[in-house]
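The first chain written gets the first letter, and so on, giving A, B, C and D; residue counts start at 1 in each chain.
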């Protein structure tokens, strides 16, 4: 006796656009780990890159427009290059498909607002990929807040440091450290505290690589946050630890203090005459956040499947950019900037 | 333009027998995470259970003999019920297919020897599923030994405690705590130390559940190990922690000491007026060892693919049973038992 | 045969003024733990309080001026109430005795400068009691810097939170949170980084107790630091954790990152079904810093004994006050303040 | 006005015999940290060594018999060489003074019994110096048991390893590892579990230094414990870690598991490209147990002061020796030995 599977007709049929590292991760998570979804097809401008995904039965395209034209595609994950987000979100929204898009939505506040208007007009679901909200450690810190174990948030401290700077070519187009790195931390600060940020003060230096300074950018920064409830916070960023990804958060409140520490590859301690040693934290975002990459797409699919609002909205994406703009302005003018001054 | 994947002709074509929890995990790992393998088919005596696996394109059988009869199946993963291992290994070996089998190989030393002879005669590869060898934490402890960071092993301590006892029905057929639980720890002791165990002394009690005692079994045990190089060791087992899986190892040597600690679901510490709190360790083997379950099957496929000896041999499986027999005898006679006394 | 000790004629003969909790700790450390010193006498305006010290053979005074008039007293530890420091330092300097004084030197920058001039003119040694510099954990962090294990400092983060607010009466006279609490952290930032602070930005709120706000003070603050070498830093203070003293530091540099964590009363971890628990950190400064209280006075005596410069100078005390003034100004004007703007 | 202290007439007047390292520590604790005690005098066969103690006002003797003859001495701390304990305890008991004595009471079970009889007959208080019972970490583990946080004890694991072997001369007279090292761990096992040990099995090897084997001694051991309530336990000892003192305990019970970890000199973690590093644990007993050395003598003085039974009795000292004898016999005969077989 022999038998093949019947596909479940009620699965959400999904396409992933862009087969860079992020797109491939999303594709595999959708194909293998999310029972409510069926991965129909993927696209990349390089068909060779798309072929590397290697998921049985998935159709490949080199033009995403062909995917958007398919009636059977219900939800689209946009993981293409940053500068294409704006255009592809608009097209996907107009095609009536639900959208998950990596940050940023677009490169200017005006463009973001236009995009969000079009999303709204077309009544599609929209979620921005702030993956760290789905990291088990950071989720647990937040849970301590919502469970009342911390009380009212008073101080939020975020450490977010890369193992090494990106290539110079990337640095030239990334928009600067506040838009490329701190933007995630602004979102994390809002997520963890459940409070809006009302004022920021940003300072920083070029201590890692002079060429970063030559681009008019910074590589070491400290941002002070003021929240609507009076809480204060700090974000410190560096482009280079030398060791690995240093991603920690702390929420101190009226009842207690929750600290989310770094993730390591194992739970081993070696003691020798020089001391007690643990391995360095996981290297970078790919190693550190696999569960978060799964969690965000899973949350998107669940929201589409259950016809609910996705947990990270277009407004969340917009607000993080507003805060980055405030930080940039604060740094340039060396003064605290009220968020209300921006857009 | 549209294109589907060509399957890679050189992949190892694999079948998985038995679609219990373990068989399903193996199936998904083979289908999704091991590029050298292609999962052709799976079997279970309940076709409904097999259907739940839900992997696109995999054929389902309710009779594993049909799978063994297929010429295209090159390697077989046996995850059927314990009492069937002996028979199915023999049949699979005679069908000329490489074999990965969950422990135990068989239920008596005589049967194991017969099975290993048949495996040998048929020249197929054979690997026993001591998954914990592939846990990232325990691998790192071992690596500290092989890198010389520990020096010569002097003391090996293994803590291995279940969150709660299995069902009474399972307890009746599992062979007792030394065969069901300690067997993994005996293998771990050999793996971590790279030394053979020459003598064991086992003692224990019924402290968790009287019904375990009524079965003639123990639920709390302490086993002393003596190794060939003179090192000493201990294994402590309990059927019930109340909290979660407690799986820790320690290798102390002439140069240093490596400790492999428990795995937790996150890296959060909450400090409140009562203390500083972390979440309990992961609940049980499914939660604790996902990477180990992947790692063992991956190692098997790699060995088949590269025509190499699998890293856990039939002799490893046999030795762990010999040690369990020695522990049982030691407990019954309340005296240290030399391993050479057994089989 | 019977024999009593001969006193060592070369010991430094010391007096301690003020027998509050701090003065008593200093007295016992000098009498019992510092072989180079001999505690001759102590004073307190309340002779009953002085009697409680209970050290065999020490003479008691209710008027410190009688002590300053003694020729045999070589060094004086001033632990009297804050508002008397200025006057007593001047008198002690004019009496030609070496001085250890609790912070602050005086209540205004002008007064501090006058005091330091008088100290200088009289050629006596002078040390300010920034005890935390002598805490074994913070010393080890600093040592990692000086040994090159951190490289050049890039980011310095200091967490300094009290278990609960002081009494309202104390709050009224303490000068505000920047002068009472942050002043220690400013000194720690300078100590750990070996860099001068060039700019500060301070913000804060009243979240703990409204009465603190009614005094025009803050109870929750965040201070951004800019260092001469371009490094950035943060200090976060709270008047109330609810759990205990939260005193942690972090120096992140070009080669590595050293974190000094909280001290706890023991090294016990309890795991039960709710999680893994450690006891809260030590309650407050008396519990947290006993070794630092010893260390600072020991360092002072060693400096006097060996005729060396004490490790915390009058300028260190002055600079911490300058930074507090800058923080206060920054908060009042809500703008970053260059340290050079102050005095 | 000038005033000296009046001594408190009700203080317990104490003498310390033996001014080795331990005797000096006891003397300082009694003189400086225990208000209920007054240190009247100390003795040592070397008056030069006694002089080094350096406590103001304490009388020195080179013959302890002169001290025992003094009517004003109420309590005696015996810290003389091991082979003199038996004789001095007897003399002190007959002199009617309360006794604190370092372990062992005497070198044979018969001698111990005779000593305890004489102590009894003379109605003096008697306490044995099992200092580790007063270590804050081990006390907290015990407290978790008595508070019910652990439930009934099921498994007790004790790790007790020295940084390096003692001098050969000491090894020759120390009685062997079971009497010199494990004896403390036997007491700890009884203390932590509040259960009597009924059976032991001891095995071991010579892995550290061949000369230890030439003395007929072991340097690496594993002892299995069986407790009266059915609980099991293990003690592992090594004469050499290479790093520092490795002193950890674990009590696993029906409700939870308490682990007492090593003490380190500070709370610093350094992360660099090689990993995250802490300093090694404190070096040896002098560094590790200062609070325990204080705690035991303090408990003795408190018991004398309040006319209560001291918390570590002569029977406790005797039982630990009985267990050492059982371990020795078990090792020699390579079989489990019931404690009831001994004396």
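Keep in mind that, in the parts below, contacts are C-beta pairs under 8 Å (C-beta built on N, C-alpha and C of every residue); 3 or more make two chains touch, one makes a residue touch a chain.
No experiment lies behind these values; they were computed from the predicted model shown.
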Centroid comparison with subunit C (C-alpha atoms), farthest chain: B
Chain pair, C-D or A-D, that carries the greater number of C-beta contacts: C-D
Centre-to-centre distance between subunit D and subunit B (centres being mean Cα positions), rounded to whole Å: 43
Subunit A and subunit D: spacing of chain centres that average the CA atoms, whole Å: 57
Centre-to-centre distance between subunit D and subunit C (centres being mean Cα positions), rounded to whole Å: 38
For subunit B, residues contacting two or more additional chains: 241-243, 246, 255-257, 271-273, 279
Touching residues on subunit B, where the partner in the complex is subunit C: 241-243, 246, 264, 271-281
Residues of subunit D that touch subunit B when the two form their complex: 151-152, 154-155, 157, 159, 161, 199, 201, 203-208, 220-222, 224-226, 229-234, 236, 238, 240-243, 246, 252, 254-257, 334-336
Residue numbers on subunit A that touch subunit B, as the complex places them: 1-5, 7, 28, 31-32, 35, 47, 51, 54-63, 66, 136-137, 139-141, 144, 149-150, 255-263, 265-273, 279
